[in-house]
């Protein structure tokens, strides 16, 4: 059996996997840099927490509404993001994060600096689910997100996103409504973050604005980039490695944030495609191996 | 009726006139050449037709319906396809996917349709046929960014064909190509035209223009200075002056 | 004396002698700008060599070539939009050390183009196309170049301004400047140049004295076919 | 009361101006969102503090802070950004964030997690302009800022190097064709911008009488908002935006007492302005 500690770490990592996959839709597939993904995680977490503690929703409807609300807010906030490009977009999404966090922090309705407590774990068949049960739930959500991810990528939507990421103008000339597909990416990605936020709230049982700050957005983006942006495996592996890093590096407690910073820095400097991106050492090595194994395939 | 009618088209940038009162018609089934020295406004004309720029004045009618000011994807869906002067394939996507992006134009407008699988047997075959049609029978899974220029240009044409266009706008298809490559491209353009696609061609390579177009329009400084068959254009003193300049200093 | 020998993407070779006015003409997209940009050092040729006053400068960055005395009037003029006319000119004198020299060169530029003097304190982007072209030429001249590269100076100019610009080029040549002129406007270019090359899709197809080329019907064919 | 708030606002704006200047200069030549600039700012505060403890002179410590930060800026440009410029924008951005995290942690490990006192008692007269009264430290900040801004303005507008710096930001390729070593000019931009950030760090350390490892966290992102508000890469724009935000923060929070965090105000202002001017107050496309 897994110890309680390990289960807790795995659940946290699992929630990060959902966050990284959802951000990857916006930034990896559709190519729109977002530095504010934690804001949508926060919107999901607060929606779920408020519905649960004030409106007496049970977890399940609250969970789905959290996704819907985060997605809807994402769609609305995508509109200012469409006006700006590249660096302006990056800073605008960063700004959205700060403003959303400030709203949680200063509006009494959201519990202000105290946050919201008393959010219980989900119940199933009349009893609260155990930690391993929660891990199973998170795993189920990950599976669903991966399924949706694959489905989108194999559909015309995924193709339209790829075209927009590569060349917006040319994509327009190929009959793609660029605005609509960008908003769709922001909506779906934000909805994913909202679902993750809801899980997060019901796992921690209390939430504070600081959980959804810009720092959190950077952690999520780092996971995506670390693993390899725009791939499916990249964000998953990135979330697992960077999510486990604080635990693995527990002996080097004092230095682990320093190491984290240096790791990001060195990775960007020497493996800018992430550890599992198409041009990374590992993947090129893998392809080389496979070609040796099966020569003359082309 | 003309397929495309342009009347009084005018476009300015920061007070500089790029196109001034241009009037031209593209007839169904023809290959129309648009020529003129650098900076004459030829690409601006294409950008106005395809909705990348919104004209300041004038109308553009396609099959009788005004299309000026519409957004690029709407115009593309109506059957006007283009290639770019500086080639712009989607570099990280495979050749098949490049064509597939355009092939999807019939699925993008409705959310339900756009969630269906893109790489079906039928759509892949259609894209491979289009690639074959422009002379790219192999290496369909290669990333477009790694192609040599000549093939990038062919790929752009295949991509444009996937829109199932009735009007194809080609912006300097032979630019940067070697002689033999240009000749092959010329053949391709002729063939596409025979298959029923109306073509407007911006081109600097005069042997190509003269070889493939029955009718030419000449722009200079955004003004339409001549129109007619190649032989007449070659003799037209105004055209010669636009290209070669005046002699005296 | 040979100023440059150049073999570009498709094996282009040519030379410019001291005090000469040489032109490379050809229709659009023939690769004329590529050649000039390579001479200036803004592009690295894939193969071939560029010699300047007998020295191989192929590997040298552009700013060092400027210090050797090569100067470019780029295609599209590329005036620095938020610098004033005078500041644009001062940038052109960057290679000069002596303040007195700078002042003298500015004065010379202003007497050559009186219109620029009137607009000395205006920002570059507020000038008309013709004035920008004058500024681009003046800016390339004030550094006292040994070799002046002119890229499509007639482009986008109204015919009267084209004539005026070519008068200026002719005048510079008379004063002893060495000039390499890349032009689409063949007749105009050949009327001022001593020698010329015709470039067709990346290769030189004709060369000779300006008078020979001006009389050669093949030149017209290079542009308009037939 | 309102005048006192205005004085506070001006002092705050001055520090913002010094900090954002470096960012906007760097953006102007490299088009990199240099988040680690705030790490350089904190470095300035620490070096200033150590130099002050060693020498007992505030002015020497200010110079030391600027010198150390100039060097740090040079190293960052040379070894971090220069090799990453041809890659998608997100790469240098994440690298910069990584560097920033590492710098903050390095400060904490070397100097401890607590705030250290930077009690340089600078004898600097207070200033009264009508009803507007600036305290001694405020006068110091404003004076140093104005002097440095003035020097920068002189350099940029009156010197040959300054001309090359402005030209490089507009069109590096053409500028190089006139004999300007644009690589060196870009490095110089980094050097000067980082020195300014160092000065800002030392000044704020003295003004608040404390230096702590994460003192750069808020400036790191707020300054990006200010720079964008001013029009990315536009120097007068970022000075203007700095004073506007400095004043707006202190006035709105201090007088109107709206229940809103001051640190988010810059972002609200930025998002609102971007809606109407997608390239910022003084920026252009």
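Letters are used for the chains, namely A, B, C and D, taken in the order the chains are written, and counting of residues starts over at 1 for each.
One rule holds for everything that comes next: a contact is a pair of C-beta atoms (placed from the backbone, for glycine too) under 8 Å apart; a residue touches a chain by one contact, two chains touch by 3 or more.
In this text the structure is predicted, and so the values were computed from the model without any measurement.
Shared contact partners of subunit C and subunit D are absent. Seen from the C-alpha centroid of subunit A, the farthest chain centroid is that of C. One finds 49 Å separating the Cα centroids of subunit B and subunit D.
One finds 41 Å separating the Cα centroids of subunit A and subunit B.
Separating the centre of subunit B from that of subunit C, both taken as means of CA atoms, is a distance of 33 Å. The mean-CA centres of subunit A and subunit C are about 54 angstrom from one another, to the nearest whole unit.
Within subunit D, no positions touching two or more other chains are listed. In subunit C, no residue touches at least two other chains. Contacts with at least two other chains are made by no residue of subunit B.
The touch graph of these protein chains is a ring, one cycle where each chain has exactly two neighbours. Every pair of chains in contact is given here: A-B, A-D, B-C, C-D. Across the complex, subunit B meets subunit A through its residues 50-52, 71-73, 76-77, 81-82, 84, 88-93, 97, 100-102, 104-105, 107-109, 113-119, 139, 159, 162-163. Those residues of subunit B lying in contact with subunit C across their complex are 16, 37-39, 172, 175-179, 182, 204-207, 209-210, 221, 230-231, 233-234, 239-240, 243-249. Across the interface of their complex, subunit A is touched by residues 27, 31, 33, 80, 83-84, 87, 89-95, 97-106, 109, 221, 224-225, 228, 232, 259-261, 263-264, 267-268, 270-271, 274-275, 278-279 of subunit D. The residues of subunit C lying in touch with subunit B in their complex are 27-30, 129, 152, 154-156, 158-159, 162-163, 166-167, 170, 184-189, 191-192, 201-202, 214, 219-221, 223-226.
The part of subunit A that touches subunit B in the complex is made up of residues 151-152, 154-160, 162-163, 166-167, 169-178, 181, 298.
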